[in-house]
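As written, the chains take the letters A, B, C, D and E, and residue 1 is the first residue of each chain.
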Amino acid sequence: MSQPILLIAIPLGLAFLSIILKKIKVPLLVLGLLFSSMLVFFIEKKSYIIGGFKPPFGINLVVDDYNLYFIIIVNVLFLVLVLANLSAVKPMATVLLVASAGLNGLLLTGDLFNLFVFIEIASIAAFILLTMDKQFLKVFHYIIIGTLASSLYLLGIVILYAQYGTLNMADMSGLIDGGSITPTIAYLLIFAGLAVEVKLLPFNGWVKGVLETASAFTGPLIGSLYAGVMLVVFGRVFGGVLNLSGTMVTSLTIIGVITLLAGEFMAFQSKHLRQVWLNSSIAQSGLAVILFLQGLHHVAVLVIVANIISKFVLYLVSGKIAAVIGHDKIADLKGIFMNKKALGIAFTITSLSLIGLPLFFGFFVKINILIALFQSSNMWIPALVLIAALIESAYVIRLLVTMWQVGEEGEKPETIEKPTFSLKVGFVTCAISIILGLMLLVSGVYPDLVINQSVKAGNVLSVNDEIQVFTMEGGLE
Amino acid sequence: MTITMIVVGLMALSLVTYVVSKMSKGLGSVLTILGPLVALLFFLLEGSGIASGSSIGILQFGATKLGWFFSVTMLIVYGCVAFFNPYWMKKLVHPSAYNMLYILSLAGTIGMFFAVDFIVLFIFLEIAVFASMFIIPFGKSRNAAVVYFAMSTFGSFAFLYAIFMMYGKFGSFDISFVLGQLATEPTTAIWVIILMGIAAFVKLGIFPFHIWLPMAHGNAPDTFSPILSGGLVKIGAFIAIMVVAIAPTYEVLKNSYEVMGLPILIYIVLIIAAISMVVGTLMAIKQDDAKKLIAYSSVANAGYIIVGIALNDQLSLSGAMMHIFAHAIASAAAFLSIGAVSYRTGTTKISELGGMIQKMPITYTVYLISIISMAGIPPMAGFISKWLLFQSLASHGLMFIGAAAFFGSVGSFLYVFRPLSGLFLGQLKPQHNHVKEAPIFMVVPMVILSGISLFFGVLPNGLLNFIGKIQVELGVEGITTVDTAIMGNNGLLDPTLVFINFGLGFVKAFIIFMSLSKSRKVGLMDTYTAAEFVYDPNVYHYAKSYYAPIERLYEKHPDIVALYKGLVQRVVDLGRLLQFIFFKTKPGTTALFIVLTIILVLWGEKIW
Amino acid sequence: MVALSIINVLIAMGVALFGFTLQTSVAGVNRKIIGRMQKRYGPKWYQEFRDIFKALSKRGITHGWVFDFGVMMALGGILATAMFMPVANIIAFEGYDNFFIFVYLFAVGMLGMAMSASGSGNPLASIGVMRALSQMVGYEVPFMVVILALVSAYNTSSISGLVAIQQDLGWNIIRLPIGALVAFICLQGMLGKKPFDTFIAPAEIASGPMVEYGGKQLGMLFIMHEVSVFVEVSLFVNIFLGGGNNVIEFIAKYFVVYTLANLIANTLGRFKIDQVITFYYKVPIMLALLQAGLIIFLGWGVN
Amino acid sequence: MIQIAGLILILIGLYGLITKRNIIKMIIALNVLEIGLNLFIVSVGYVQDGIAPILTEVNNSSGLIFVDPLPQALVLTAIVIGMGTTALSLAFARKIYATHQTFDLNEMGVEE
Amino acid sequence: MKRIVSILLVVVLGYFVYTSLYVDGFDMAVSDNRQTSISDAYITKSVTSENESVTYMESTDLENGSANIVTAIVTDYRSFDTLGEVTVLFLASIGVSMVLAGFTKKYQFKMKTNRILKTGARLVVGLALVLGVYMFTHGHLSPGGGFPGGSIIGASILMMYLSEENFRARMASFKWMESLAGTVYVLIGIIGLFVATYFLENFLPTGTVGALVSAGIIPIVYILIGLKVGSEVSGIIDQFLTEEVAS
């Protein structure tokens, strides 16, 4: 019964059904997602064949430590997200079911071409979902670039197919490792295709338009879940299948580094809440990509996990704020959390985790990034990562201080009246934010579980016995 | 009681405090008093041989005399300052959060001082930093917190990078092991020393990283400025001691070019310290806000601490440690007395105040004693440390550093006198006629701190002997004392003798004074006015731009704050530019970038 | 407590008393000399004593406790400083007459006086104190730099130690003329003699810090002033003129130095306060650094 | 040769995407690109003298030389997906036209 | 100027791509008689069972019974891709209707259609519909299949829309068809999972290669696909040929 294919098939089936059973669309959606998020806990780790043909010939789904980890996170968060926005999802129920199937497919599939299909499903679902924000021109931008990207990706895998005669990831990986030629151009095209989706810098022109107006629903979905899943896919392809080497790694790492730094620079100057987070997402993607390219998969996994959870809360809360207040201009949000402390605390914990302060999960992410980078005798990247983290700290703290405190510079707080506007945000959103925040806090004090899981996940992509990670329990292992 | 228990207990207490404060603010603030005091009690009862306790996960602590010394200093400051907290509960925006963060920052500092492992050290360092950072915006300024945190994070990250450089070479985070190995890798070692030095500079507020100090100290809530200045800044000193004394810095640098018999790097550090003495002094002289003034004085005093630590010899190191202690106590007391004035009057601006001595004589006395200590005048603890430092400077023949140190020392007379004269002395403003002395529980800690300053100024040898033991622990020859006298390189100092002489002189003066006819008491307005009739105390008080003639001499000084602002502006501009370039609504542009990138990468592929 | 026997304390008190008497007399004599210079007859040599006792005997006013306390602190601090001063071969606390003690203990007295003056509530006093402190920034640093070089070269910061070394090598003023010149210029500032009497400036700010004093407070400040001049001039005599083998020699040197300072003072006008500071940071500090450099790097004049 | 043609079509499509500011033209350019891509994919599977991979009465045995069927299957999928996105982007184009009364990005005046 | 630069860029890109594909030792050029092992297995239908060769109308009960090997791949070997493909189209049709949500009134062309066109169109539409149905029922035997078949159905509907001014297909029934076809497709997959072992497994007997009733679920799937694609394309066409109701 614990077939991962059901994670794709059931939502798809329900989606097809839901267009005639219009009245119970939302229950169907919740039911489907509930089913998925229950099912994920029973899935075994192995390769699942579809259609009865063994892998290089047929398509297979792969469940291993790497993606199981994310399947659980993504499915549960997807359900949570829908529950938090239950009033808004009605028109989109069908598309959401497909999106859920698409994301699961992206995570599960073990076939390069099938991956392309799921990229398309997921991104078309995203296009449609984004129409909720009424920014058609900006979504159009996304459509054009997204389609271009998937075309480039397809071109890349076709070239690989021409060379190696297979589309299966595991098979391809073996053939590439055994082969004599490096199909650079194919790698590059695949990189370009995925880079658009993971928001690497020169490729991410669509991001700002789409995410800066994202609602409390589309924001977490696109900014957190989609971004996370695409990064996982990136890791799967570039960490597990393709075998980069030489100049290619350097060039692509440079792109990652530029993304990281430029993302932080742009976030630093942003004056709107969601603009800050979207730029910060760009930077985090850059970081994860750098780590994948450097072969440090386990920390890249950590970065992705931390980023999914923290961005989820941040976009959710920011979207709600924008919906309630009517804008998200940071300068006009002074003391917004003073009347809504619970939400504020969740937001604060999450952002502190994002910048990697101790007591929060992000700290262990940062430490392990540095450990891994220094272990691979890198000197420049950690310095740049730290510079980026420095800028990030500055703007996040500036943001938090603004949102918790009232008053102009030089005014004493006791002389200032508290803000009168109230932040009416539903109980569910608050509860979700707080629970996720507490998770970050708990895993910040006891991160071993997550870290060990990430090491396992990273080891799936390429086995590295010399991995050292820093955990709470054993220190350096 | 073990260190682990104390640290973990404090961290737990911070949460408890938050919950309790939610129920009752007063009770929560009482917990902030009890926390440090109980911890202090344990430290004092167990002595420096306190058990380190079993480790919890990575949280492993090792008892060192150095850590004990710093912790006790910190706890005294925290414990005394905490008495002010109950009075501020209704003034603060988030009182519960304040109480929690107060204890949390204490836990951070204590944990840091006893860490045996760099990561643990870093964890607690960051906890201390961010806990304190969140308190600062409760005061007057929002930007101050951001600047503080950004600067501090810059330092922390430099430190972190150094930690990982060592880790990359030696594969361990163990402090003593890694630092011990450092001499085998001179290139790494130099980088590590520089980076950790930067971290120490940032935390201490050494030029050019000092800008956060006046902003943060000057704008933090009045109850927290003493903690920042007396307590948290000293974290930098701890790191500096670690760099110079624990790490084999002199051994690593022994082959480098030498200036005045010192490795060039050390000499550069001394010059930076000297600059920060001068800059701190000059900036302190021109401040009108008493809190900012003391904050700049911390910059200058940090310079002394760094000089002492960098020279790392018998006298200088003990001088530095003595200075750490003396300055922590004195600066906390000074901030507290200003805080007490602010509590009663609502301002800390010198020009808005005057004649407070008539209403708050005890607060005035506390301020007087603390500034005497800060200016390094006998018979307070600050004198001992300055004397030791000057001994060391003189025996090294460091004339430029010495000149700066003398300048800072003389300059300190100027700036400490400014609030004394403008704020406490002179004419009382009419609007302050109804001001009362600070409440008794605010007076008590201030008096205790003053007593400590005085006690260790007269009988410092118990403390100095302990510092001597720390020095031995750090591998430096310990300071030697004979009875009440301190042995310098080129002379002896007997603080007790100095005090007794001063006492005798004072008694003589007192006898003369009392034996003569009693003076008639007249009001402050009844003075020589060259036959002018002056009726308004406001215009008859000299407090505004007190040192105008001196200030005029350097009013066109280059502004380091502008430099930093420029830097931030560059970052913003760059961000805008990037956003302008990359985020167009036109898909064609993005497509162009995609094509360009592919071309560039392929081109790179072709070339290499 | 090695040094603190009753005998030592008594000697020290004797030194202080001696200093007071000496300086008051010398000051009286100097008033005569200056009078003659100005074609006046001049007062009696004991006129200063008279002034002091007169002031002490009058009933004055007080402006509150800090006004009195400051005076006591000032006098106490200065007396304590004077007690450390070696005079010829009379040394109360051998080895403890550290140079830095003189500088900082001296500051206690100064602080007391400044406090008291500001406590009077008269802005003119505050302005005077401000000027005095500003001037201090000027003269203190060059002086200290020269001393630092000496301490570094001779490896002793004890005044009596420096005297002893000069008795072997010869006077510092001869071997280190630049340093002596700097020290003398600084002495002029310390003494508040023209052109550096800006902080008193009798006609301008009504004697500055002293404006409010009368009666016993003024008398005590006179005493304090005389003792402090004794300390300052004695420091110069001890450090640059080799102290004295006996008291007579010491008094002679003392007289010469003080008179010279006075003579110079009476031939010059008064600087403005910012001119004072600028001056000190142009000429003396450069000379001081030059001298220190010569001593520390080249070892000229110290061996 | 056909591969080259496919590549050239892709490049033309890219050129169109870069230079055109008209939404419809951009969609056309994208389609050109996709067609080129499909052409390329099919040509990759071409085998010298191969026949269509369908068993018929004439070509009735699998022993014959067929062209590679897999790329053809892939192309089928790619075409349909391309059609889907084209339809969607055309719908967007219509919607944008309804709001802005123009297809030209330069005339919409939404540049920030 | 912009164009020249763009052309230059594109040409440079083309040069680089060309050299990396054909010059630098990376052999993309058509080789003779190169069959990948995978395609070979598809052609000889020997993925799961060892099978020397397949002969038309003779071989029976193979792992896959489709004479059209491309169809075999599309609907059997890589049927999962096809499910995804159908989903994409489904999404596109939903998307179009959601984007153009306010567009309900049928679009009125300026040109009026004449009787000849109308009659001709009706004639052709019938034929085209039959052709479409033929296409997807014979997808496993001849070129074509569900997608072209569906498209032809869509095209015939388009023809009706263009020729008849007031023609409006009943979208509700198309929706039902679309939904049911999709659901059944998924159900077939799930049945495969439960009846046999794998999702989308061909659990029916495959029969003789070349027979109309053969190849197990392949014709069923293709029929479903045809119906689904037809209704979706019709839906899209319907949506496009509407305009906003002037309010």
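The rule is simple: contacts are C-beta pairs under 8 Å (C-beta built on N, C-alpha and C of every residue); 3 or more make two chains touch, one makes a residue touch a chain.
Computed from a predicted model, the values in this text were never measured in an experiment.
In the absence of subunit B, the touching network of the other chains comes apart as A, D, E | C. Listed by label, the chains that touch subunit D and also subunit E are A, B. Number of steps on the shortest path from subunit A to subunit C, with steps defined by chain touch: 2. Comparing the centres of all chains, each the average of its CA atoms, the largest separation from subunit B belongs to E. This structure's chain pair with the greatest number of C-beta contacts is B-C. The most distant chain from subunit D, with centres taken as the mean of CA atoms, is C. We define each chain's centre as the mean of its Cα atoms; on that basis subunit B and subunit D are separated by 68 Å.
Chain geometry summary: the mean Cα position of subunit A and that of subunit D are 29 Å apart. Centre-to-centre separation between subunit A and subunit B, using Cα means, comes to 42 Å. In terms of their C-alpha centroids, the spacing between subunit C and subunit D amounts to 97 Å.
In subunit E, the residues that reach two or more other chains under the touch definition are 6, 9-10, 13, 16-17, 20-21, 28, 36, 38-39, 42, 78, 81, 84-85, 88, 91-92, 95, 99.
Among the residues of subunit A, those in touch with two or more other chains are 113, 117, 120, 124, 127-128, 136-137, 140, 144, 148, 159, 161-162, 167, 184-185.
For subunit B, the set of residues that touch two or more other chains comprises 583-587, 591-592, 595-596, 598, 602, 605.
You'll find the chains touch as A-B, A-D, A-E, B-C, B-D, B-E, D-E. Considering their complex, residues 3, 5-6, 9, 12-13, 15-20, 48-54, 56-59, 91, 94-95, 98, 101-102, 105, 113-114, 117-118, 120-121, 124-125, 127-128, 131, 136, 159, 161-163, 165-167, 181, 183-185 of subunit A touch subunit E.
Residues 592, 595-596, 598-599, 602-603, 605-606 of subunit B are the ones that touch subunit E when the two sit in their complex.
Note for the complex: subunit D touches subunit B at residues 14, 17-21, 26, 105, 110-112. Every residue of subunit E that touches subunit A in the complex is listed here, in rising order: 16-17, 20-21, 25-28, 36-39, 41-42, 47-48, 63, 76-81, 83-85, 87-88, 90-92, 94-95, 98-99, 175-176, 178-183, 185-187, 189-190, 192-193, 196-202.
Every residue of subunit B that touches subunit D in the complex is listed here, in rising order: 583-588, 591-592, 595.
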